[in-house]
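Dumping the structure here so I can ask a few things about it.
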């Protein structure tokens, strides 16, 4: 179960950085969803290494194969199985890591927990694991789009100490993709790209913040108590490599407001109900209220840097590490599509759960 | 399942604010754990309303009964069932809420999702639901303590815009409990109490931040990929009423550091391995690394305020709401023990999972 | 999780034979279901000890309390919590069992697994655990009845070597309840009652077989592969105390037929499709086909007998056991309502799962 | 989740009969297990079509690839991913099934549940799905063997109305594999082979019964209440295609015994405890007692027969079906290894669960 996510729309990812392939199985997909490779490849290309001059130069085509679950262009209700071959595996760059633990990586904890590890490219802890998430997320996004025009948009708002102005509008995909750094504020994006390049030239790395919004989400998704929508979103985001924080709506800043300034007044809206403000971030009592869902995720700087670092080896002896290998000086731009994917997975799963409990039987 | 938490050490809470009782069932508890009511009552008393002059005056003894699962003072491995009677229920104070949705409460979303709701005191969305969590958390804390001296300590670091200095030491329970606001920095605590009282006198409310640490946590808890320790902690925290954010280790501030400044160098420590700094917050690759686990949780100001607010009624018509009833002007001090409880539940569950996968069979 | 059943409509039972109470929590119940104590008590009375002169004389009123989840007569979608107090506990009758393992009971395996046990009346292994199942089953039966007139009827077809003729019709509840042995074939029922009384007079016990049918079950419940409807029914039945076998449709006898004689030809039926015969037992490929679901469950004779038996004690020394205490010379008549309950729980859960996957989104 | 089995050692199978491949993912496998393709291929060969003259002539090499989870010959604790390519797909033989429902197959229920289906070779309902189970079962068998010499042996005891004498000894693998029908009683096996060939020559099919035993199973596996060992075994067996019944120990025949004849007296055995007889089938109170686990599974005759049959088409119109295609006149001999696989999966999962609850913490 540690490699599965979701309760009804459940995905299981598998594969290592330097194995023959990575993949994902989706169990519980609704039947009759039109699905082709083209539905998946666009998002994979947004995640792909080597897509721009601010990402790792590892060359991977990341072409997806559909192995099962689709018949004559439609899902059948059976498990969907997807596979992406790994092609550009230069394991020798990792020989040093067989014996030495890279700081702030998973090397030591994997070794301690499992007694040995696939050290090549981080093995299972590699970001290549997220390929499966992006594929499954693309399926989920298609469901959401067809089901009711639900749109999910993630974008970068901060790189290192460069922060974009608050976005009052829901950015278009084109605005996000206009820059390789995926910040829709053009002027800031230019600075961010330069900052990332500078970090790389120093053999260093930088982190940042991604904001994500979802609109047209129906009222009623999420459960009271443990499986609150924001709780499952938080779990989804903190399950991503390199994440250090999550906040929804007013977030940490909301802790500094008084209730009279924080509460979202209800107002009539069309035939329904809306809120005058959205400090709740689209979720109240764990359940979506129809407003935009808005949250932010903090990413630490990439742990792999090309500077000499202090560490210890398998025998616990102090040593120095001189990392080689190809890496992203900043994972945040490529993580945008992964944040969207995880958001879509949470929403589809909760939509199905909500339907099961409240719509199966009518009294 | 929405009311259950944990995969092996699994709890299920039940009960509403103005029902006859609230309770919790623990399934999967290890056998032969010594357990008495006294083990549970101390933490319940830290959660209890009316415990100080900065909490709600609702009077509840919150005395717990053990209904099942203990024989001759030891757990049997069968489900533990606990019950706390509700005594001080003044439902009439909530008559207005039957027809009007309280801003930033769960009233509207529950109504929309389920088609009707128990409006009295928020029904299931009441903080009384957390009684079950505190009971289960006390069981988990006892397990952790007996198993290896694991200690969990949560405390308040911020109320409204008042922030305590960074705590370099692990505070003692006595330091935390020295003030009703549960901030171990005495001078700040005094100010915080005053701020909360001031908010109440204005019919207003304030939020804040809780920091939580766990020490003596063994290396190896948590899973790669989805069930990372920090992901399950994030879910646990965002499942608490009124929470808006979670961050671990360096958190959101870490996004502003470069990799060279953020990485935690490994160093020999005794017979094992430690890190020179702890920006990872005790978790690397989703797995505990033996350092202190450190995270922070943001709480919004209490949604119930005694000022007139704009809202709509069941028919969607704009109206004003004049809340009555007893409430906490700030939930943060009482939430300290709940944060500890959820942390303990996550740790025990992951400890059992880690043991199952890596210790059942040896090759 | 060992004490939970169901994936969406999930129940958790708790309590021991000689504890203060037994109970059940239902998580995932649809909202707005009308529910009162009266809906539950009828089935509890069919399970109750002392209901006739062929059951144990233990006196228990088995009056159920609804602790949570119902507001103004309707379920709210929150967990339902039910409790039944134990009243007639004569623990001293079990003093011998503290030291000696009763043959074919759970005494030894509980002791070995957990390191100690509540020996009084079998503790958690007591049939009193099934009270929670019957309560939850009554809720599930009400849902099924309101949802589409689904009817479930279990009845006794065999006691010891006395076998009722094949029932071609779906028996009415009155026919089943006409005899305390719950065999709707009156002449056989009389013999069965006599056989049970004879066994009791000998200090012995007898087993038997229960057949269960469900009609008006919609097409499409059950999943391919692991969660086939018959697989979950089999699990449900083998989870009952004293069961030794399960067969659906043609069952073990079907293994002796050729395919040409076993296959159920499809035939037009009204606007839909039916089968000319029903050797499939209402399930094909793991999924209900709209025909009657028909299965049988084998129960062993009650393990508690009032004859001297060979056994060993806690120290592993051979000894004799002279059981006292009150017991059923045959558990089968009281198990009828429990079989119905478990069937209802499986059907409701699968109905909700089927709805979630195939009805939430339409493409 | 419908395509997943197990709670800690969890497998997910995927793939259709005429898709490009079938496969399985194992999540939760213990680390450091030595594992190569050779460990898996032997069991796959026992399941393979075309292995003898009493099976389907479909030609499939069924060579397994390990895609993930093994590093330098040892499992890493990461998900294991396995794939087997489908090679001999003659879909045209199934053209008639696109429009007509084969009696006693899954065609109609899949169509009704999902709104369309992959009709080629039964799609997901094909027995090719069991390839994934056999692979995972081989991994589980290796774990059990290394862990404590646990042996699982299934064999055929009945084909049509031919029944082998009761086996008092645990048959060797060689005895089982001596005949293509996998009945270890040589004289009966000869008759069974002839009976299967006769059925095929008539365009007909036959069913049968498999018995399965497991020895050296430690005391304590299985849970009280819902996840009893026999309940999970029953579910595992009824999840296999073509199964109609399950019985453990005395089974249905046990219903005809009196308690005094049925109870298994405890006796001292070496330093421990055994039972003089084994009508319990190795499980008491849902938990293994150290005796041999013994159960039987009933299989119906293969639904595909080469005789003309009455059925209806997609429009509900009555028609005749003249099946073509390659099929097994009896699935029972090839199912032997699948029964072993599912048994192994249940035992490994429960072993890990038992360890988690009772061995993680010691008080």
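When the chains are written out, they are named A, B, C and D in that same order, and each has its own residue count from 1.
In this section, a contact is a pair of C-beta atoms (placed from the backbone, for glycine too) under 8 Å apart; a residue touches a chain by one contact, two chains touch by 3 or more.
Bear in mind that the values here come from a model prediction, so they are computed numbers and not experimental data.
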On the document's contact criterion, could you list the chains that touch subunit B and likewise touch subunit C?
A, D
Consider the two chain pairs A-D and B-D; indicate the one with the greater count of contacting C-beta pairs.
A-D
Chain centre separation (subunit A, subunit B; CA means) in Å
26
Approximate Å spacing (C-alpha centroids) for the pair subunit B, subunit D
45
Measure off the straight-line distance from the CA centroid of subunit A to the CA centroid of subunit D, and report it in whole Å.
39
Residue numbers of subunit A (touch at least two other chains)
1-4, 7-8, 13, 28, 31-32, 74, 77-78, 110, 113-115, 124, 224, 353, 358
Counting only contacts in the complex, subunit B reaches subunit D at residues 8, 28-34, 74, 77-78, 143, 146-147, 224, 351-353, 355-363
Going by the contact rule set out above, which residues of subunit B touch subunit C in the complex?
1-4, 7-8, 10, 12-16, 19-23, 25, 27-28, 31-32, 65, 67-69, 71-72, 74, 76-81, 83, 110, 113-118, 123-124
Counting only contacts in the complex, subunit B reaches subunit A at residues 1-5, 7, 13, 101, 103-110, 112-115, 124-125, 129, 158, 160-161, 199, 204-209, 219-220, 222-228, 230-239, 243-252, 254-260, 262-268, 271-273, 275-276, 279-281, 284-289, 298-305, 307, 309-312, 316-318, 353-354, 358
